[in-house]
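Two complexes come next, and they have one chain in common, chain A, joined by chain B in the first and chain C in the second.
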Partner chain A sequence: MDALKEISNIGMGNAVTSLAQLVNRRIDMNVPLTRFMPLDETISLVGGPEEIVSCVSLNISGDVPGMVLFIFDSQSTFQMVDLLMGMNLGTTADLDEMAESAVKEIGNVLTGSFIGALCQMTQLNMVTAVPMFAFDMLGAILTSLMVASGRVEDHVLVIQTQLFQEKEVNIKGNFFLLTEPGSIQVLFKALGLAVE
Partner chain B sequence: MDPAREIVEIQVGIADLKLTREPGRLITLGLGSCVGVSLYDPIIKVGGLLHVMLPDSTQFNNVHKPSKFADTGIPLMIKELQKFGARVNRLQAKLVGGAQMFSGLDEKMTLNIGLRNTQKSREMLSQFNIRILAEDVGGNRGRTMIVDTSNGDVTIRTMGNKLKVI
Partner chain C sequence: MSKKILIVDDAAFMRMMIKNIVAKNGYEVVGEAENGKQAVEMYANSSPDVVTMDITMPEMDGIDGVKAIRSIDPNAVIIMCSAMGQQSMVMDAIQAGAKDFIVKPFQQDRLLQALERVLSRGK
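For the complex of A and B:
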């Protein structure tokens, strides 16, 4: 679906630019996959239920109520901390409080600019809340979010993202957009895209 | 039963229910706010594992999957165990999970589903007069739960910790 490509290009492009500014380095991006899928299927897409990942999630209110999440595998998480703190790659091997807030901040910046880009394009009003954070088993995180958001059976928009910086950095992230029923159509319409 | 037979490990998915006999094992991966409820009949060595996602099915209009909820899943598991020859008065329960995974304040998330899943599961078990032998619930960590039907042991795996047996 072209609409999905459009959203991911606009949103992720902006997000990665902000991240590059934050860490003061050039960062390239690749979006290998964009699609709608049931949330429980996303678990096998990202890894397995026991895969250790970090997850930053923010609730969205306004014209397109829902939730956004960024999920990174543990190696990518540690690389992001090293990048943000200006440390040599490979320094971080565990998350202390400082590292946790670094990841939260990155998630915040990525999400903020993603949503900001969409708002600018569409003139819709979308407001993000304070980020929530977890670093644990993927299955535990995703099912808990599904339940807490009350969107157990819905499809979510998944945008897989790879961030590169020369050879040494390879950050694999997954961006999820969960919207309340009907509100994804609001977004599509505002983008001038065909709605089924 | 042939003791030399390879031990089978059966995966129990999200909102799923599975039963097996000795020497089989039942495993459910990555419990967060969900609660794993195991029931075990030590006399005939039959066990069941239920992956509870939500406490109460009465809050929903269309219930396709009774094993998703504590209030419908637990009676279903008991019924299925009885078909395997288990007796309700012999059943022993163990509860695992029910964590609060996220840090950071957000009103929508303070409903603590993990706690409600745990409480509803306890309530359902007590309706059937089933004793809860052990629990590993609450906290903020994800858990993997493995039930061994040869002795009823439940092994819990968490990130960065040693295995725990209850």
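For the complex of A and C:
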């Protein structure tokens, strides 16, 4: 799992750097938790099926077809909007159209950075599509994504991290990579991991 | 006289951000498009001096958008602005006719310098 941890450090590192640039602040990140786990178990990891979260999802095509999800709980989401819009932390309490667009764009940029880092490391080709957005209960979002994509997902690569800046900023980020059956092996192989 | 700019990005937020940067720096925003198809229509109607073009957009992506605009105006000056910065993407964009490629997130100065540079080069 070391290569996976490395990928997660580098991938998230790049993503967080992008976020820091977007919001013009120093953003630190703790060591990400990286797991390859069944989808249903991810729900309790993120906070339970009824946790209200924002979810930016992007389809990935290329060598590792699948889907990327960036999931943030509601407080983290509002904080990100505040940061991005240059407002005082604690201002945003719900999401209007512009705020939604902002969160989508954050997801887009973070994913671009993450996937870009992955591609550089593995020399694989991975292309992101237009981001979709949902702000709802986690369980409902994941269920509808699975149904819509027709996926019978088994295991998911999950990277969970906390982004912070002193005591002011505290954002909990969850990155999911769901792949077509067999595709994760392509990624593992490119990383030099044994194929399961 | 202000240079006219057309901003193309499916994210309202990104269009707003680019608009804020360029409007404060002497550019006149003559249009905002959500995808490549709209971009072509607006280009034909407003004849901007320069275009910023996202890549990942619904209906018609940015690469096709560049090709489409250049088919109606081979001298069109277009800068790509995308979250994806992979070499192959950049190559595709430049081959399609883009004059520069900026990866998001970008600093304000990076965008302004790129605009200045492509406009001063002339056609």
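Keep in mind that, in the parts below, the second predicted complex is superposed on the first by the 190 of 196 C-alpha atoms of A that agree within 3 Å, B and C clash if a C-alpha of one lies under 4 Å from a C-alpha of the other, contacts with A are read in each partner's own complex, and residues count from 1 in each chain.
The definition used in the following text is that a residue touches a chain if its C-beta (ideal position, glycine included) is under 8 Å from a C-beta of that chain, and two chains touch if they have at least 3 such contacts.
If you're wondering where the values come from, they're calculated on a predicted model, not measured in any experiment.
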Partner chain in contact with A:Gln162 - chain B first, chain C second, else both or neither: neither
Partner chain in contact with A:Gln185 - chain B first, chain C second, else both or neither: neither
Partner chain in contact with A:Val130 - chain B first, chain C second, else both or neither: both
Chain B versus chain C as contact partner of A:Asn9, first or second or both or neither: neither
Touching partner for A:Met98 - first (chain B), second (chain C), both, neither: second
Touched partner set for A:Ala148, first chain B, second chain C, both or neither: first
Which of chain B and chain C A:Gln75 touches, first, second, both or neither: neither
Chain A residues contacted in one complex by chain B, in the other by chain C: 104, 129-131
Chain A residues touching chain B - in the complex, by the definition given at the top: 40, 48-50, 52, 57, 59, 104, 129-134, 136-149, 152
Chain A-facing residues of chain C, complex: 10-14, 16, 56-58, 82-86, 88-89, 103-107
Of chain A, residues touching chain C in the complex: 18-19, 21-22, 84, 97-98, 101-102, 104-105, 108-109, 111-113, 115-116, 119-120, 125, 127-131
Touching residues (chain side chain B, partner chain A) in the complex: 14, 29-34, 53-54, 68, 99, 101-106, 108-109, 111, 113-114, 140-144, 157, 159
